[in-house]
Every structure is written in C-alpha cells, then in structure tokens.
Amino acid sequence: MNHAPLLSLITFLPVIGMIIVLLLPKGMEKAMKITTLTVTFLQIVIAGVIWSGFNYSLGGINDPNSFQFIEKFRWIELTGVAWLNTIKIDYFIGIDGISAPMLMLTALISFIAALSSWNINKAVKGYHAMYLLLVTGMMGVFVSLDFFLFYIFWEVMLLPMYFLIGIWGGPRKEYAAIKFFIYTLFGSVFMLLVMIGLYLSCQETLAAGQKVFTFNILSMMDPKNYTATGILSPLNPHNLRFIAYIGLFAGFAIKIPMFPFHTWLPDAHVEAPTPISVILAGVLLKMGTYGILRFNYPIFPEITRQVIWWIAAFGMINIIYGALCAMAQKDFKKLIAYSSVSHMGFVLLGMASLNTIGITGAIFQMFNHGTITAMLFLIVGVIYDRAHTRGIYEFGGLATQMPIYTGFVTIAFFGAIGLPGISGFISESFVFLGGFGFEPIRLLTILSTIGILLGAGYMLWTLQRVYLGPLNEKWNQLQDLDGREYAMLIPLTIIVLILGIYPSFMLGLMNTSVNALVDFMAKSPQLFSSIGM
Amino acid sequence: MDLYLILFYFFAIITLVSAFFVVTTRNVIYAAFNLMLTLFGVAGFYVLLGADFIAIVQLIVYVGGILILLIFGVMLTNKITDTDIKSGFLNRVPGLLIVGTFAGILIGTLLKSTWRIAAPLPPPVAGLVGIGNLLMTEYTLIFEILGAVLLIALIGAASIARKQSN
Amino acid sequence: MTDMSTLSTFLTHIGLGHFLFISGMLFSLGIYGVVTRKNAVMVLMGIELILNSANINFVAFARYGNYGFHGQLAALFVIILAAAESAIALAIVLNIYKTFNNVNVDEIDKLRE
Amino acid sequence: MNQIPFIPIALIILVLPLIGFFFTLLFGKKIKQMYLFETGIITTALGLSIYMAFMKLMYYANEKIVSELTWIDLGSTKAFGKISVDLGMMIDNVTVLMLFVVCLISTLVHLFSIEYMKGDKRYNRYFSYLGIFTFSMLGIVFTHNMLMMYIFWELVGLSSYLLIGFWFEKKSASDASKKAFVVNRVGDFGMLAGILILFANYHTFTFDKVFAQISQGVLPFNSEFWLTAMGILLFCGAIGKSAQFPLHVWLPDAMEGPTPVSALIHAATMVAAGVYLTVRIFPLLTGDALLFIATIGAISSFIPATIALTQNDIKKVLAYSTISQLGYMVMALGVGAYAYGFFHLVTHAFFKAGLFLGSGSVIHAMHHEQDIRQMGGLKKKLPITYTTFLIFSLAISGIPLTSGFLSKDGILASAYAFGNLTGYKIFAISGFLVALMTAFYMFRLLILTFHGEPRNEEKYHHAHESPALMTMPLVLLAILSIFAFYTINPLSAQTGWVLKDWLKTPASVVPEHARYSFMVQKHDEKPEAAVKHEEAVAEKPAAESEHTIIHSEEYTEALHHAHYPAMFLSLAVAGLGILFAFIMYFWRKINADKLADSVKPLYKFSLNKWYFDEFYDFAFVNGTLLLSRFLAWFDSTIVDGIVNGSAVVTRQLSKLSGLFDTYVVDGLVNLSATLSGLLGIFTRKFQTGKVQTYIIMVVFSLVALLFILMNYGI
C-alpha cells in the first residue's frame, strides 16, 4: 500500500461531514447545507483523482493483484474461538472496472442530490446528517471486497434511507418507509445467511500456512479455497449452492427491483423527497445489479450458467411490464418509478448475455440510468416545488411557460427513450446486441425490443400531456429554472450528451474488467463443477 | 527495634482511638479534629512502611486540604449562631451489629489467610525518583487523566455550588 | 531519618497482619460512621476513613510483596481522587443545604418517590 | 489516391448544420438575426456539396471513397474474440446525388421559411430545428454502416418530432408529432431486429464488410431464410420512415407542421431516407425479400392514391401523393430497377418539394386557409406560383419533357418487364392504375385551386403573390424539373448521364439460387468473379469496379422490349387522368358530387382514409392502453396486494400471538407480577429512601456473602 488511502477517504469523508453537521448549533442551517455540499464536492474531486490514477489495463474480478487502490488490513481477529479457531475479518477495499463507474456515479449523484436538498427546511440538521451517512453507506458498498464489510455498509445505507423517507417524505411516508425497509431487510436476511454459509465453506491460507475461514470474496471465487464439507462448497456433493444462489439473488433482486419484488419502488419514490428519489433511482437500484455482478456471477459461476435464461426472462418482464405499467400512471413520479423498473430490466438482460458487449451495455446502462433518471426526478421535483402537484393530467402546455425547463425535459425524456446522441442509446443497443449474440436468450432479446417502442409511447405521451398543447391557465405564474436548478441539470445534461457521443470515456474504464469477467465466466463453471460432482 | 515497636503501637492507638471518636462524637468540630489525628496516625504508618512521599502527601493534602474543606463545610452548613454544632445518629443498633459482624469476619479472614511475603524483606527504596519515573512513564496516562479529573471536579464543584444562588 | 535495614527487620518481625488489622478496623469504623451519621459532613468523614484504610492496605501490600512503588502510586491516586471527591461532595452538600435548609441525610429521602 | 480531399469536405458539410443548430438554439433568444447565420451555414454546405458532387461525378465517377475510425473498442476476450464498433463515411455516386438533393432542398426551404415563418414567436428556434434536421439527414447520407444509419435515423425522427410539433400549442400538432415518432419506432423496431441479426452474425455493421462476407457464403444462422428475414427486417425501418403501408398513417398527420417543413421532411428528404436505406442494403436482399418489398411498394402506391382522390385539404392531397410516389420508388427497388428507383427519388424530391412550397405559397396568400373548397381562381393573383405548380403537376403526372416522366416511365417499364420475366404482372397493373389516379388528383387539385371562380370572395380578395424570397425557390425547383438536367433525350433516361454514368446497380451478393433469376449472370464469368471477390475482401472491399455485375442480358432485353409499350401506356393513362380532371372540375361535364353519391360507400371509404387510423386506434393504441391499465391494476392490486396481504397476514398473526401473549404469557407474567407486588409490599418496608439504610443492606449482603464464601467457597 504505497498510495494514499483514497478509497477510505472517499468513503468516510461523509462521516466527518456528518460529525461537523451534528456539532453545528441549531441556527446554522446554511452552514450545514454548505458542509454537505462541500463534502460531496470533495468526493467528486477525489473520484476525479482516482479516475486519473486508474490503470485501464488491470482487470480485477477475481484477481486480487489487479484490483486498484487496495487497502487491506486485519480488522477483527479473535483467536481460539470454539471450533473456528481463528475468526478474522479484513478491512479490504479496492476497485476494478466494474466498481469504478459506480464510484463515479455515486460521487456525482450525491453531489447533485445535495444541491437538490437545498430547499429542504424541515429538521435540516438531522436530514443532512442522515444524508451524509447514506452516502458513506453507498460508497462503502461499491468499494468493499470483503463480504462482511459489504454487508455492514449495505445495512448502514438502509437505516438513513428509512428515516429520510419516513421523516421528510410525502403524505404516506410512513407506509412507504416501512415497506422499503422491510423489503430490503427481507433481502438482507437471505444475504446474511448466504454470507455465513460461504464463510463456513471457504478458507484462506495465511502467510504462516494456517488455514482460516474467510469473508474475502476474491477467495470465494476460487474453488480451490473451499473446504471438503462446507455447506456451500462445490466439493461437497450435497451442497446447497443452488438454494444459496437463489437466496442471494433474491436479496439483490429486491434492490433492483426485479418483478415481482418491485412494488416498494413506486411507493418509495412517490413519497420520498426529490433528492432522495434521485439517490434512490440514481445509486441504490444499482446496488442490486452490482451485487449480482460482483457476488452471484463470480462466486457461483456454474449456477449462473444454469439460471441465465431466467435472469434474462425476468429482465424482459421488467422491461415490458414496467413500461406498460408506466403508461397507465397518472402520477408523474410514479410513472418515472415504473420507467426505472423498465430500464433496470435492460441491465438484467445485458448481464444475462455473458458476453462483452452485453455486460458492457449492462454496466453502462447502470450508469446511464443513474444520470438520466436522476434528471427525470429532478425535473419532477422542479414542477412539484412550484405547483405542489404531480398529476400528469393537471398540467399542460408548460413549454410555453417554461421553455428552458422544457428543453432539459426534452433531453431527459429522449434520453430515457434511448435516442442516439444521448448515452442511454449506447447502453440499450449494446444490451440488445449482446443479448442477441447469446443463443439461449435470443428470443427474449427480440421480445425486449418492444420495450423501446413502449418507452417512446409513454414518454412522448407524458411529454405531450404535461408540456405540450395549450397552456393550462392555472399555471401561468410558474417561473422558469433558477440558478440552483441549472446547477443540478446542466452537469447531468453535459455528461449524458458527452457519453452519448463518445462513450469510450466510460467504456474504457470498465472494458478490461468486463473482458476479465467474461473470460472468467466462460471458463470457471467447468472448474467449479468438475471439482464437485 | 523497640523504638519501632513503640512507635507502631503509638500510631495504632492514635489512629483507632481518634477514628472511634470521629464516628461517635456528636460534635462535628470534635469529629473533624479527631479525623485530623487519625490522618496523622495513618501518615505514621506510611513512614513505617517506607513510603515517605505518601506520608508527606497525606499530611499536606488530607490534613492541609481535605480536612480544612470539611471544616468549611461544617461551618457553612451550620448557622454560626447555632451554638451546638452537633449531629445525631440513626440506625445505631443495626449499624453496630452489622459492622461488628463485618469486622469480625474481616479479622477472621485476616487471621486465617497466609500471605505471600517476600521472604527477607528488602530494604525500602527511598526517594521520589522512582515515583517520579513511574508517573512520567508507566502511569503518564492515568496521571494526565487525574489532572483532568481534578480540573473538572474543581469546575464542577464551583458550578454546582454557584447554581442555586442564581 | 530512619535506619533502613533495622526498619526492614522490624517490619519482618511485626508482620503484615498488624497493618491489615488496623486497616480493617478503620474500614469498619468508617462504615459505621457512614451508616449511622445524620449529618452529611460526618458521612463524608466516614468515607475518608474508608479510603484511608484502603490506602494502608495498598502501601502495606506493596511493601511486603516487594512491588516497588506501584502500591504507593495507587495510594497517591486515591488521595487525589479523595480530594476531588470531597470537593464535589461538599458542593453537593452546600446545595442540599440551600434546598432543604439542613444537611441531615435522614430527612432527605427524595429517593423514595 | 484522391487529389480532392473528399472526406474532410464531407465532414465539414456534415458538421456545419450541427454548428448552426447549436448556435441558433443557444443565442436565438438574444440575437434576432440568428436565422441568417443558420441560413448562411446551410448555403455554405450547399456550395460545398455542389463542388463535391461535381468533382466526384465528373472525375471519380467509378470510385468509392471510404474512411472509417474506431468509435468504441471493447478489446477482446477468449470466448468471443475482438469486438469493436466503427464509424465511417462512404462517398459514392449515390451519396453525392443524395447529398446534393438534401442540401439544395434544405437551403431552399430555409430561404422560403424566412418569409413564410415571419412573425412566429419561436422564429429562431425553427431555424435551429431545420439545422439539426439537415445534420441528421446528412448523417444518413454519408454513413457506411448500419449502426450509424440507425443513429441518424433516430435523430431524423427526433428532428421530425420537433418540427411537426413546432406549433405544440395546438393539440393536433403535438398529437401528430407523437404519432409520427411512435409509428416510426414501430418500423425501427424491425430495423433494430435486423441490425441485431446482422451484428450477431457478422460482428460488424459496415455494409461492404457484410456484403463481402455474404458473397463468400456466410449466411445468418446458416440459412437463406434468415438472410431474407434480415433483409425484410432492415427494410422495416424504411417502411416506417418512408411511410409505407402499413405504417403510412403518420405522414398525413404530419402535415400539422409548418408547410416548408412538410416540403423538406415529408416530401423530399426524410421520407426518402427509407428508399435510400433500401438502396444501401440492396445487394443483400434476396429474391423473396425483393418480392416482399415490391409488394409493400405496390400497396403503398395504390392505397394512398385512392385516398388522395377525395381529400379536400391541399396538404393532405400532397401527403398522400407523396406516400404513393414513395411506394413507386420502393416498388421499383423491389422489381430490381435500382437505378430508376433512386432516380425517381431525386426527381420526385425536386417536384414534390416544389409542390409543397407552392402549396405553402398558396396557404400563405390565403392566410392559412388549406381547404381547396375555399379556393379557386387564384391563377390571376398568384401567377408565378401557378406556373410553377403547373410544371410540378405535369412532372408528377409523368408528362414528357419533365423529369418525372423520365423516372416514372422507367419504373413502369421495369415493372412491365418484371411482369414479363417472372409472371408477377400485378405490379405493372397497379403502377399504371396509380399513374392514372395521380394525374387525376393532381389536376383536380390544380383546377380547384387556381382555376374557376373564387369560392371564398373575401379570402380571394386579400390574396396576393408571395414575395421573391418565396417564389425564387419555386422557380429554381421548377427548372430542375425539366428533363434537360438528366438526359438529352426527353423520352428516355437510359441514355442520359445520370443513369448511364452515375447510377449503376450494384451486384447482388446473395447466393445465386436465392436471387431473381434475371439477376444471375448467365455467361461464365463466375470463377473469375469469385477470385476477384476474395481479392476484394483482402485488398479493398469497397472498390466499385468489382461490383459491376448488374443483370443478366435477358433482363436488359426484356427492359428494352418493355420500354415503348410502357411509355405509351403511361402517357395514355396520364392523359386520361388529366382529361377526367378537366371534365369533372374545369368543364364540369360530370358532377363530382353526384358521382361521389353514386358510389357513396367507396367515396366514404376513400375520404376516411380506408379507416386505417380508426383501426389502429382500436386495435393497437387502445389495446396497449387497455393492457397497460390492466397491468397497472394488476400491479397495484395483485402484486402489491400480495405484499400488503402478507403484511396484513403478518399483522393478524402478530395480533393472534399478541392475544396469546396478553392472556397466556402475560397472564403468567402478571401472576408473577402480582406475586412480586406482594413481595414488594413486604420489601417496601426496607425501602426507606435513605442512603444509609441501603448502605446497611449492602454491608449486610456483603457480610452474608463473605460468610457463605468462607464456609462453602474458596
């Protein structure tokens, strides 16, 4: 470790910010907001430093030597504990090409959402403290390479989210917050079980030659590290790896959210305040798909192969089902929530392709969905702040009243439709190209392309109902965007357009890792199953 | 040798007798003065045990500080015009019973136990140097914390005492 | 000052038990004081006795067990804490006096409610 | 290799409108003169494109200039090999011709719009939209691969959305723009599927590389069926964009946009993009695919022609005629008449743009009146517009000396020859019928608008000839509708330079037995050709000279035979059509209303556009909406119901366990509480609240403890 601990810094900086916010006396609301903003901005700066130091030629995935910005030291070590002998848990963080884009996305969206939090004036101190804790949790999830650490961050992220929805939310906030919380907790119970099962099945050899059980996920990717009798060990002929896979997958699928676990999302989105919706759509949903790529794929490659058709099928259902549900919504935010469901389906479909172009598309879609949906929620926030309603049918002709705003809306909407020149197009078409290139899911891919048709349908219909047509005279007082809203929307717009025209900025970042993952997935199922049965 | 024995019993008698008076006398002022005698006696034991420095501290802090403080307390909480600065007792009988039993058990234990003692007792190491070294090395942290505690106690005492007057 | 070698002989001769006996008696008397006294200041004096008995134990065990200065330091710290404690206690006593106009602990039974 | 830097010039031409778009959009609000900047930029692009077209056609007519760069490089994996996505430009004769058409019409429309749109509150925005449209259209023109085609295809869709919905305050306009985009998406859906097949099999999007692989016998999924399917799916994009049956419904609605936009997008360029796409993928189309395309083309030319007969909105008539003419082009490609199809695209672009601009001029003069029943007698008021409109009408009807005659006659002759060769005579028959109807409805329009007595005196009174900036484009386009620009022989285009030197049918690359028989070369050039192909793949897959196999001699022969009969027939039907129009509307020998009454069901059917919209609304739009409402209900009631239900069940269970808890568990607890309460009453005696009592107890306990320990412990 001869580099600065940048990842720890970017992860725990918000905690420092949180302490500052907590120490500030009650009257200094503005200082709290500025603290949050500064902290998140510093995160962007650090993310930039990380990017500039990122080595594009290192793959990561299962090779600890090609992870970057690694920080690893013994965190907990207890000796002589019953039959386990030594319990050791490492503080092990690092990034590769799959987590790096997510890191950038988290830094970006945190900042934008912090800007958007500016006009929250209820219990400012608590809000910003919670918000910063949430940011730490999100960052931690994306950098952890130790399952235990990952789980801790996962739960850390959950709690502030509950309060942020439950206290600063809309009329049915308690219901939504509880639903979100219980759903996610339900998922993390599975995750916990699988984590413990894996821990008790996988051993790591220490420098002294001693073998200890480990939470290190990179060790879990090598069949050689498993014990002969472990419950999730491929060497054990009666292992429960399939059930564990499903459990872990369900834990992540809830977060994506995958049909039929998606119903918490519309409620949570509708009730959450705008910045939290932005975080929710922009970052939190990605954790599910990220988790599948980071855990399910390389730890259970042989089972991934078996269920790949189902993943794609759920992806397709998400795409079409989400789009159709979105079409029928009357609440603007709910519509975008369902469109999120639809867009996350593309990620699932792309992941299921198991080839470079599809997985690249999936990860890129994760990033793009983050930016574009964040824009969409900000856009809803803008009119909700002004009109205090989100009913699609209550508006009309806003383009006349707020032309610049409508310009941004047009870009975001067409981004969501997947118009070329906007980043969403690249990822969606990559997903289709990848999916179609993989024989078993070819038909599903073709069916999924209906999604882009439906997407155009509901998005344009909404555009028409809210922004086009004659101006509803009720709204002739609405002001166009102010400086803060420009500051939120312009960076996202620029990113979305640049990545639409020259996606290699982002694709280069992830490419080596994606290829490594594809190679790993191509060869390791045999490794896993040949040892076992 | 006899001198030491005499000294020991002298201190013992002073200590115990005055301590007895401390807990039995009705007059608070008497009690305070008897306490002073007890403290002197204990200081004497320290000297016999080779702990010169502790003996000196005992005299300075206890006799010079705490005792004066106690007397202040007595004077502040009893109206000066009240001529009998006396105080009563309660629970006398159960207290006596229990304490008696306790003392009995204590002394019984004392007699029954065998103590691990360094066989030929080495001569005592005199001087402040050792204590100073330990304070600055091994016990630095405790030392510092105690400093802080004292400060906090000081401020706390001042603030508690002031509070009500506002 | 005292002759060191003869003092050691004396201590060996007289034994640890004597010191412990005295400290035990002091302790018992202290408790008796704490338990039976009405006046809060008197209770404090009892506590001082208890502390002193403990200090004697520290010093005596360290001397007989040949533990160097560690016992003495413990005693020293106890003294310091005693000072702090008595300062606080007296402040409280003063406050109690201001509130109840006396310092008789038997009349202060707010704890009962 | 080239003295002329074609690629840099092409790049400049491509980027110029984009620059125009950005600057006009950003500064349009502040600087009122921004539209001049945009117009200037387009004019510059036109100048460059004329230069380029001239140089290319004159000096490098047989060369194909290709330039490409890697856009996205995805590295390589062991399992899938190297994957990268290239972007590139290709300049051949078709490119430069199309380029010229696009730039010219775009420039003219810009000029025309300066007057036509005057006073609009989003004046500069309009010009910036024209800029992005031109940019996207040029992207389609220059592309050498399918992906870039798709990208610009969608961008064209976007700009068309923006332009159709330019007056978005009108609900009909925003409806129309939405409809256009979504209907186009339906076509794109097929096109995307085609692209997926293409990429999955060839790992490239580049036309030439795909052609090279196909000619070496690499078939999608190793079956000719999929080759046909791929061709048809790719063509689906063209169905959408070129408004072919069954996706033609958006085009008439798109007339809600400003009229110059209709001229630019919905007559000359964007809708021609579909044809252009078909031209580009022509070599990979199998015989079956071509037959499908020809069928679509024939249907698309026939149905709208019947609808156009009865429409009363001047722009609607032109819109349906556009669909019909596009159908002609598609049909021409389908029957293998590649050159004529594209040629008709060019000539049609000029005269249809002219017709739309002319109608724009009329509408402008009539203060936005579009109903031809309100017009009449405008000949005197609008002499220039009338003259040019007449020329365009003649051209579209296929009267000799016009460009339209050349291309249309060629198409009809090809269809005729095709019928003779393969037996599918239906294409020729439908072609002639459409020609008849075209002549009729065009002259109906012309007569009702310009001749006779004014039917609306007030509007007529205020009508005036449009300013020079609007008539100048009309005149220019009228000139370009004269035969002399394409050939010196007014009766046959075959000998003209466009067809003889510039447009050459590329060789089909599909396996020979999958082609039309007449596209297979009979004489034994084959082995040599195969060798040449391999070289071509290795050396320069894009070279034009390798692709000179066109049709068998049999076909040339048939075409030659078909030429004169087809020409006379087409002349006859065109004349007949015009005659009918004059009889009915000029001389009024036959009462049009009575005739309509006598065939009322047919008339209604045509007037209501064959009820396509109603059918689609019923079948697809409502179906989807119904499905979506059902799913939303399903989602909130069933799926979420299960979630909430499980919550309710859990709550009930917890209530149950709560009851158990209260009465059973808690009962025990309460019992013990009562007991301890009793105990408490007892022990309360000890609780004096005095510290000292407590201390006594502590010491007592300590004593007890010590006692116990001493006796039993230690």
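First chain written, first letter: the chains are A, B, C and D, and each begins at residue 1.
The criterion applied here is as follows: a contact is a pair of C-beta atoms (placed from the backbone, for glycine too) under 8 Å apart; a residue touches a chain by one contact, two chains touch by 3 or more.
Just so it is clear, the structure is predicted and the values come from calculations on it, not from any experiment.
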{"item": "Comparison of B-C and C-D (more C-beta pairs in contact)", "value": "B-C"}
{"item": "Centre distance in Å when subunit C and subunit D are each reduced to the mean of their C-alpha atoms", "value": "98"}
{"item": "Distance between chain centroids, defined by C-alpha means - subunit B, subunit C (Å)", "value": "4"}
{"item": "Centroid spacing, where centroids are CA-atom means, of subunit A and subunit B in whole angstrom", "value": "67"}
{"item": "Chain centre separation (subunit A, subunit D; CA means) in Å", "value": "35"}
{"item": "Multi-chain contact residues (two or more partners), subunit B", "value": "90-91, 95, 98-99, 102"}
{"item": "Touching two or more other chains - residues of subunit D", "value": "690, 692, 696, 699"}
{"item": "Contacts with two or more other chains, residues of subunit A listed in rising order", "value": "none"}
{"item": "Set of all touching chain pairs, with the criterion as stated earlier", "value": "A-D, B-C, B-D, C-D"}
{"item": "Partner subunit D, residues of subunit A touching it in the complex", "value": "179, 182-183, 259-260, 262-264, 321, 324-329, 355-357, 360, 397, 399-400, 414, 419-421, 425-426, 429, 432-433, 436-437, 442, 445-446, 449-450, 452-454, 456-458, 460-461, 463-464, 467-471, 503-504, 507, 511-512, 514-515, 518-519, 522-523"}
{"item": "Parts of subunit D lying in touch with subunit B, wherever the complex brings them together", "value": "690, 692-693, 696, 699-700, 702-703, 706-707, 710"}
{"item": "Subunit A partner contacts - residues on subunit D that touch it in the complex", "value": "71-80, 83, 147, 150-152, 154-155, 158, 161, 165, 168-171, 174-175, 178, 181-182, 185-186, 188-189, 192-193, 195-197, 199-200, 624-625, 627-629, 631-633, 635-636, 639-640, 642-643, 647"}
{"item": "Of subunit C, residues touching subunit B in the complex", "value": "1-2, 4-14, 16-22, 24-33, 35-42, 44-46, 48-49, 52, 55-56, 59-60, 63-66, 68-70, 72-73, 75-77, 79-88, 90-95, 97-99, 102-104, 106"}
{"item": "Subunit D contact footprint on subunit C (complex, rising order)", "value": "31, 34-37, 43, 105-106, 109-113"}
